[in-house]
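In the two complexes below, chain A is the common chain; its partner is chain B in one and chain C in the other.
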Partner chain A sequence: MQRPHTSATARHLKDNLGTWVFLLPTLLFFVGYQVYPIFRVVWISFTNYEFLSNDPAQWVGFGNYVEALNDPLMWDSLWRAAYFTMMFLPGTIIFPMILAILVDRVQQPKLQTLYRIVLLIPALIPSTLVFVLWKWMYNYQVGPINYLLVDVFGIFTYQNAPQWLGGTALTLPSIAVMEVWWGLGYHAIFFLAGLAAIPKEMIEAARLDGANEWKVFWHITLPRLAPIMMILVVLRFGTSMAVIDEYLIFGGFNRASPTYTWTMFMYDQAFNIGLWRQGFAAAIGMIGAVVMIFFVGILLYIFRPRG
Partner chain B sequence: MVERKEQELLLQEASRKQLLRGQIDRREFLSRSLVAGLGMAGVGVAAKYGIGSALAQDRPLTPTFYDWIENLHPGIPAINEGFPDLNYQIAPVQGFGIERFVAEAKNGESTWDVYVGQTPFVEMTSLVEADVIEPWDDYIPAEVLDDMIPAIRDECTIDGKLYSWPFFLDVAGQGWHSGLTTTAGLPDSAPETWDDYLANAQAVIDSGAAPFGATFDAHGWRCVAPMAHSMSKDVYTPEGLFDFTSEPAIEALILMKKIMAVANPDILLAGATDGGVNGTPDEVAFAAQRVGYITKYFNAPLRMAQYWDEPTQLHLGPLPKFKGGEGSTVFWTTGSALFKHGQNKEKAAEYIKALTYDPRIWKDSIAGTETSHPGQLPPYKSIYAEWDANPPDWMLPFVALVRAQLDKAKAIENNLFGLSQFQIGQPLWQAYLTGEVEDPKVAMQNVMDAVKAERDRG
Partner chain C sequence: MTHEAAHPVAYTPQQTWFARNRSLLIRHGVIWFFMLIILAPLAWVLLLSVKSLPDSMRGQLWPRKFDFTHYGYVLGKIETLPQNLFNSIYVTGATVIITTLCAVLAGYALVHLRPFGRAVIFTALLLSLYFPTRVVAIISIYELQDSLGLINSTTGLILPYVTLNLAISVLIMRAVFQLVPHEVIESARLDGAGVWKTLWFIGLPLVRNGLVVVLIVNFVTAWGEFLLGSTLTNDQEARTMPVVLAAAQGGMGQWAWPRIAAVYVIVVTPGLIAFAFAQKLFFKGLAEGVVKG
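Let's turn to the complex of A and B:
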């Protein structure tokens, strides 16, 4: 009874051998570069592994997780990341969408190309340069923003001018503004692609039926941009919750700074403090990842395709 | 065929160098030469005699430098020309990151032979704990060791072994913009006590000479530690942690709050580079000529004054002291670490000796170049003695001042938490500075508790 089944499986494998050969490099890369590190971090999170110690790691069960969950810094730092995300995510969806709709209305092909190029310029600037540029813009004493506010318009003095960066309450909103600016053109291109897929006849028909601009946007454009929005929301939710480069550069290791989020807490423990407790840091990372997966699930539900 | 011949020559040359270094005797050298002469067929045999390992050890001396060192000391490449085989590299240590060094050591290897950029209290203990570096004692000439200023030698030593070959010396002191202070009607001399310092700073503001009177760098090893040392150096626990609850530390905190009343309002904000550690607001204010006085390690005001209309208006002095205080300060050196799994260790010692004694480095550092004026000083007694005996025409007064301070100064003690204890504590003592906590003792107790809690984790 087994023979026909075995030969069918063997035939199936033989028929698909070429497919598997072509898939092999990707599979190897995926397993080696994605699956293995994830499982390795999960394993480390259950040990007392310290990077600077030469002692072998010991299994500690859920000890690191219990310690992290009982640490107020874990919850504070998660909240700070969520706070930044709440400012960043709407800005990264709404502004590019409005911009894309405006650019999409431009009829002149050359002008349309020019707008698209200009929009993409910030996205082409390397991150380091963007950070240096905005650090200068936000500088308390010599930055152009405070120069305008103090020296030109006289709204503030040197004693009470806004402190944009460096751990104040304005730090996260300031970084969010920078990030929205940086991704504006890049994200607008996503929406422009979505707008191009909407049949023009549908909009013309709606207008013939008496729909005004708002109704066209609300009933035709917006529903058809929902898949683009879903992709952007999920992608950008992940990146904004897990920001670290900007926080390292703009905030440093000050635990009271709004930029000391769970990613900074993890990095601090893994690469800065004491013997570098990477087992504990891995647990912090896993908790952050689980929280993110939970909210991504909610976002996918909210932006699920309807009709 | 050509390739084979080259390989034979390489093997012979490697053996010759080992012979000259005394690592093999003449008999072994002759055996290897004979085997190498058999051509590639003999390479397998040669390996038996250790020629393979001789070749592996034959990479050129490969030092790696923290990038700021080359930026501040543009004369280093000229000195490197004296070492034609040198494989000079820039280290992957942005923000004091040593993870690459540790990861390599765990595999029993090192891409580099020596790291130039180690600050003892920052990362030396970590590198020793992780078995990444080894002591210089077997390689450093005895006369160099004896030539080190004792306090610096102590700073670079753990358990009697020298783990850092000091290079650049930084000492915390005060600087002032004489253009602003003169406008404020102040004498052109360093305030001796903190009370005088505060009064002068207030006078700068009151006179309208500048919007701010004084400033400091909010990182603890640049403010709390030197200010505490100005009262007493007895501020360390038996295990080497900074004792934030000691009287000098608490007085330092109270003093910082008083300075903040006459300082630039962004004084507590993070800096612009190196994870907020450098490019700090005090430097921006001083460079912009908006503040009269600054307390920091001397190379900072020297660098900032280069942005002034008239850099000669910068004057430097020792750190003020509390009434009845010791009048000490903090110093640290940046030096070289020898990788345990590196190679060319004798050559590394030869190179570092040449580098640290080279008069071009010290002239550029003290007198400045077109591109930089670091003001960092040498760690050797003999160099200062030579300058005392025959003062160079480029010598500046602050050098004698720093040297004199060094006899009273103390380095922050080496500890696994040497740097991070100040990072952990900063937001907690700042709660007092911002008025969230009223009692400085409570704030400092919170700092001590947080540092100890972090030490006891796991």
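Let's turn to the complex of A and C:
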């Protein structure tokens, strides 16, 4: 107690160290399997690293990037990812919003609860199980979709029944439909939270002033839901530009397939072809990620909070 | 506030019940249509799993003959299946426990222990949400696992799996711990409870809802992960259920359609049952941690 100042400092230091014990497990995993792999893959993208080759990797500067950017497949594959995003994004925002507005008006608490539980069910089905389920739904042999189109409604015959998956022109729209289904309930739950925050008096007052349904939606509901919509647009833009599992399961490694996007191009180069040119593959991945983050940045700028 | 209440209309007795309740009927009709779309694929696969083998090839939705033996068959007769199921349970269980522990400790520390440098950690976690690490960094994660001798190791999958949802889990726990007043934690500390006791007996019960969200989100991700699972393992015995199911081609024999549908139902049910029990806490937690956070 002779030098209280020092002991206070020491205790402070000890407290801080004790605190870091709480953060240590998170930091270990975060640095080991998130931060380090990102920096490592950036480094790999500047080398001629081939996983199966015994030769040590050489620094090649921007060589991989130049090669990738000169490859038409790079641009095609980026465009395919963008095309998928354009099909998927509007549906996954608009349908859940309509559904949420309808469910929000249900007066009976029990029905409300029931609807919300059903809404969340697809979100609780793990990703791959959603894909497998829809792979079977789209199957031309046992799938119920073609059964309805051919046997029940007679729109198609067995000869010309649509082949949904496997790299046909229909594959990306089919995946987009599946993804909209998957997010339908989960996104509706987000919108329901936003709707609950709108003061009921506001809507009532507007109605007394003679506003019709459409005006109430356009001037009150939509502006209040805008922040949630923006979060969903940014998040889903990111995930849909970087889809890979679905394409691996539905498309395969046919370079002409619409599902052969930049993620598939990267994966193919890294784990399938030749000596696994992971340096080149890493450059493809970085180009895709940079393009994606560039557009996420633009979206965040457009949606920035304004006074 | 409903449409009807806002527009008080003097009903004449001549109007039929349908005319008076038209907007109500349309609303519920549209909602039920959406509900049907959500539930139909699941109902179909459930039905497929109890069809007799000939019926499954015929295509009709409703089978002429039911056959409930497929569940017993797939668990008893497909050699690797119990192993794959065990792998999934093991990897998912470990991932959920480790991630949740990390998230609780870090979330608590970031809010109530206020360590030096917490803003940097928070920003790094937030930024990582925008980067497709799982996809782009799969090359370096493969290399890392290879250098640790963990390629084709089921246990090895746990390490990258923990990070899949680590950042979002910490951010959710941080958001729910912010709802716990600092005075509550302080007074427990002043009463002589240690840091750990305070967290376990005072903090945790107050963030129960957020904890349920973190548990379920991590379960769903790990239980269904495909990309890492199929890239980092090669042997059928080392693989998890999603990888096996994605590779299974429906057809004859072991993988006849009703049989793989039965496997599907076995894999998808645990999560739905868990949710059914935790549903109330989950919705509260979602409101506290995700929507506001």
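In this section, the second predicted complex is superposed on the first by the 270 of 307 C-alpha atoms of A that agree within 3 Å, B and C clash if a C-alpha of one lies under 4 Å from a C-alpha of the other, contacts with A are read in each partner's own complex, and residues count from 1 in each chain.
In the analysis below, a residue touches a chain if its C-beta (ideal position, glycine included) is under 8 Å from a C-beta of that chain, and two chains touch if they have at least 3 such contacts.
Since this is a predicted model, take the numbers as computed values, not measurements.
Colleague: Would you mind checking whether chain B and chain C clash or fit side by side on chain A after the superposition?
Modeller: Clash - chain B and chain C, as placed by superposing on chain A, overlap.
Colleague: Give one of first, second, both or neither to describe whether A:L275 is in contact with chain B, with chain C, with both, or with none.
Modeller: first
Colleague: Is A:L232 touching the first partner chain B, the second partner chain C, both, or neither of them?
Modeller: Neither partner.
Colleague: After the superposition on A, what does A:Q107 contact: first (chain B), second (chain C), both or neither?
Modeller: second
Colleague: Looking at the overlay, does A:M264 come into contact with chain B only (first), chain C only (second), both, or neither?
Modeller: Neither chain B nor chain C is touched by A:M264.
Colleague: Which partner chains sit in contact with A:K200 here, chain B, chain C, both or neither? Use first/second/both/neither.
Modeller: Only chain C is touched by A:K200; chain B is not.
Colleague: Quick one: classify A:L78 as touching chain B (first), chain C (second), both or neither.
Modeller: Neither partner.
Colleague: Just checking: does A:S127 make contact with chain B only, chain C only, both, or neither of them? Give me first, second, both or neither.
Modeller: second
Colleague: Between chain C and chain B, which one touches more residues of chain A when both complexes sit on the common chain A?
Modeller: Touching more of chain A: C.
Colleague: Which partner does A:M97 reach: the first (chain B), the second (chain C), both, or neither?
Modeller: A:M97: touches no partner chain.
Colleague: One more residue to check, A:N139. First (chain B), second (chain C), both or neither?
Modeller: Once the two structures are laid over each other on A, A:N139 reaches both partners.
Colleague: Shared contact residues on chain A for chain B and chain C?
Modeller: On chain A, the residues that contact chain B in one structure and chain C in the other are 51, 135, 139, 141-142, 248-249, 271.
Colleague: Quick check on the complex: what are the chain B residues that touch chain A?
Modeller: These residues of chain B touch chain A: 95, 97, 99, 102, 106, 126, 129-131, 211-212, 264-266, 268-272, 275-277, 281, 284-285, 288, 290, 416-417, 420, 423-424, 426-428, 430-431, 454-455, 457-458.
Colleague: Enumerate the contact residues on chain C facing chain A in the complex.
Modeller: Residues in contact with chain A: 1-3, 6-7, 27-28, 30-31, 34-35, 37-42, 44-45, 48, 56-57, 59-61, 98, 101-103, 105-106, 108-110, 113-116, 121, 124-125, 128, 130-133, 135-144, 159-160, 162-163, 166-167, 170, 195, 216, 220-221, 223-227, 230-231, 242-243, 245-246, 250, 257, 261, 264, 267-268, 271-272, 275-276, 279, 282-283, 286-287, 291.
Colleague: Which part of chain A faces chain B closely enough to touch in the complex?
Modeller: Within the complex, chain A touches chain B at residues 48, 50-54, 67, 135, 139-142, 158-161, 163, 165-168, 248-257, 271-277, 279-280.
Colleague: Enumerate the contact residues on chain A facing chain C in the complex.
Modeller: 15-16, 18-20, 22-23, 25-27, 29-30, 32-38, 40-41, 44, 51, 95, 98-99, 102-103, 105-107, 115-137, 139, 141-142, 144, 147, 151, 181, 184-185, 189-190, 193-194, 200, 203-204, 207-208, 213, 238, 241-242, 244-245, 248-249, 263, 266-267, 270-271, 278, 281-282, 285-286, 288-289, 292-293, 296
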